[in-house]
Every structure is written in structure tokens, then in C-alpha cells.
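Have a look at the structure below, then the notes.
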């Protein structure tokens, strides 16, 4: 389990629904944004990954909704790499209300890597990206 | 486990992303639409439930993405009540490509019921709705 | 000005916002869906157009919001071709609440055609699609 | 015409469509976010306005799409108050690619104010908000 990457983000009006809270589908978007900013932070952006021919689709999602997020709330999406082996990637998230410190959503996403429409090993296809993921993944593991 | 309710729906252009497939967050919307049509089909619509003061938020989601859905594909969202006890509701879904018959997404959603900002028993708060859910839930169970 | 093509569609829960109405950005999606179903209705679907290498992006939008649409309302998106000359296309829309017959949104969208990243003439690039648009456009004009 | 308020924002992956660009409906969301941040910047936030019982729905939108925005592009939404008289509000926007300095979208939105389901005068309903809008609106006008 890696160290934590934090992505802060405000909840937008257009994300609310008539229950008066952020519609539950939007947290998948918050998580995706956090992944993009995380990859930038380790120097290997998702945009460049796709330009180099590798995509990383979501193959599984798990979400537990603990507490509503409201319009204008600032949340921190706290991301960790749970598992990474060069072929599959599991990321966990806690979406926390920055003001109240309450955990609103707990989630995981699973990903594979695709090149030329086939599942590929990131380790072989893009060793630089692999090394960056792997280093981040192992950093805290060793420290713990 | 109840019998199956089927909701057919076309995949829209505005739901695609630059991978050329339906963005993974949209399936939560397909599932919600299926729930709304399902409740209409048993004569107790979700709109009326909210007008009567009861909301049914999503408290958990699980999704496995098996196969991409593309723009213009027609999918059937096949919904079943997995568990229902008057207080909690678990619904399962298979999202199937109508043309190829392939299962694209397998999912479950968990729900509670809320009245006046508190968790409530649907059985007590809206007995008619409860009975309709319960009858649907038990119908196939007995038949199987 | 062409005859009218009607696309019926229910307003979804996930499209509401905390004002309790359909969020104003969603009407652009309703309009896009109407265009897709319209093109199917004349036998030249948008999906096939893109497969043949031609895209038809939106270059302008105008919207007047007259009346809110609520969750569960059924609306009819009434589409007409206002102008078409093989290069530019202007479509108008009335989004009508089917139950009350009230006009909720009046809109127009303008489109061009793109092939190999350049503006193209649909007339030259895809004459069959051009003829179908042109025939629909002129049909009512002559009748009027 | 007021001075300019700038809101910077990155284009998200989930906002792309299969043309490989930001879907045209998302700019309405960028504009709404800019309005929210603008109102915060003048000390009278939109959230508080709604808490005080006044909503400001969109009654008209005009958009010209000049240039595509791509995933990962940073855009600046440059907002100006074009007209404000206490009852109606017209805002203009230029959405500019920060890196290339190209104008991607030119837009305006028109708004009214609603209290207890009726159109109201912001000047009478919320004089503090009115004064803040009015001061911002007139500031540059006088300077020019």
C-alpha cells in the first residue's frame, strides 16, 4: 500500500441532484480526476500514456457512500495504490470533506492496460511509466 | 432473488469518451433509470415516493466492466431485487448488448430509505410501496 | 424550413439539480439525441457518417429557457432543419412538455462537416447523406 | 461592461467524447463554475444566495464554438457582466486556452432572480448582493 496522494476539489452546482446533494455518479469523476493529477505528480501523465498508445480503462469499481457532499463543499480525494504488479492496478480512495474532516465516500477502482486493443503489460509496453508506478507503490510499503 | 425487469436504452453520443466507448460513470445513470422504470412497472413510482417524503439514496455500488458499450448500441439493463427487508434494498443488474447478447457490465446497488433526514423503515413509512417491493421480491423466489 | 421530426424522452433523475429541475446543460444532450434519432429516421445514421470519416460538430448553440422540466416529465424534442446548403446546417428545436403541451425550451444548433480535420462539403464527401438531408429540408418547403 | 474575472480550470477526461474533444455541453458547466467563483470573489456566494431564498436560473444561453478544447488543456473562463439592472443579468464569457492563448468558446448567459417561485428584484430581495453585483458591473464602466 502506497503513501497518500491528495487531490482537492470543490463540489459543483451542476453535480447536485434534487435530493440537494452531489449525485452519486459524480464521485467516479472525482476519482478519475484524482488519478490524472496523481499521474502528473509522478511525472508520467495519463495524456502522454494515451499518446504513446496505452489506455488504462476501469475494469471494476466499488463505492460506499457514507455521508453526502453538498454544493460548495471542498473535498479531498485521498488516493493510494493498493496493488500494482505491472499488469493490474488497484487504487483506493477516501473522499473527505475538508472542513468537517468526515469521510464521505470510500472507494476502489481496478484497472488494466490496453495496447492495440489487447491487454498488455505496462512493464513491457511503457517501462518508464511502470517504474514510476512501482516506485510510488513501494515507497511507503518499505517505510511502513 | 426476484424475477427480472428489463429496461432497454440506447447508448448516447454524449456518453462516449475519447477511448471511443461509453464512459464508465454513465452506467450508474443507466442503473438509476432502470430503477425508476422498474418502480413505475410495479405501480409505485419513485417520483411519488419522493413526493410522499421518502427518498432512497444509494449507499453502495459495485461494478464489474466486462465489455465496452459503444455509441448507438442498444443495451438491456436487466434488474433483479437481490435482497429486500423493508429497511435495506439490494438490486443487481446485468447490462447486456441486445445485438450481440454479451454481458457488458455486472453491478449491484444498495439503498436505504430516508424520511425527515433519518433512516426509516419503508414498511412503516409507506406500506403500499413496501408491499409492492416485497411482492416483486418474493414472486420468483417462490416460483424457483 | 423542413417538416417536424419528434423525439420523445423522459427526464431522468440524474439530470436534476438542487433547484429541483432538469439542469440547463442537459438540454444540449436532449437535442443531440434528437439529431441522432432524426438521422436514423431518414436512413442515414450519424454513427455511419462518422464511420465514413465525416463528423458534424456543433459550432453554435442558442437556447431560451421558458419553463422548467421536472424529473419524470415526458418531453418531445421537435426538430426542424432551418437551413441546409451542403456545407452548413442549422437545426431548430422546441422542447415541449407532452402532458401540459407547454414549450419549455426553444433552441437552435449550427453544424459544419469535418473530414480529415478540415471543413468539407457534405454534398461532395457523402452525396447520399447530402441528398437525404436536402430532401428532408425541401419537402415541407415545397409543400408550404 | 464590467472588468474581467478569470477562472482557470483543467479539461477533464470524463468531459471528452469520441471526437476526441471536450463535449460541447460541458462548456455550460465551465460557465456555471466561473459564475460561482466570481460570486465568491465579490464576497456574495451563490450558495448563500440560495440559502437566503433566492435562486438565479439561466434563462438564455448563446455559444459559439471556435476551437476545440482537449483533455488536459488548461482553460481560462474570462467572465464579464454585460448588463445588470437589479432584475436581469447578462454575463459574457471567453473560454481561452491558456497555453496557446486561442479563444475556444465565446458565450453569454442571461439570468433572472426567483424568490418563492416568482421573479423578483435582487435589489429589493437581497440589497447586499445587488450592491455587490452593481459595484462590480459599474467599476470598469466608469474607468473606461
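Chains here go by letter, A, B, C and D, matching the order in which they are written, and residues are numbered from 1 within each.
Note that in this section a residue touches a chain if its C-beta (ideal position, glycine included) is under 8 Å from a C-beta of that chain, and two chains touch if they have at least 3 such contacts.
Owing to the predicted nature of the structure, the values given are computational and were not obtained by experimental measurement.
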B-C compared against B-D, more contacting pairs: B-C
Pair in A-C, A-D or A-B that repeats C-D, with over half of contact pairs matching by residue number: A-B
Gap in Å, rounded to a whole number, between the CA centres of subunit C and subunit B: 29
Centre-of-Cα separation between subunit D and subunit B, whole angstrom: 36
Interface hub residues of subunit C, defined as touching at least two other chains: 13-14, 18-19, 21, 25, 28-29, 32, 71
Complex interface listing, subunit B residues touching subunit C: 12-14, 28-29, 32-33, 36, 45-47, 71-72
Contact set on subunit A toward subunit C in their complex: 13-14, 16-21, 23, 25, 71
Footprint of subunit D on subunit C - complex, ascending: 18-19, 21, 24-26, 28-29, 32, 50, 55, 57-65, 68
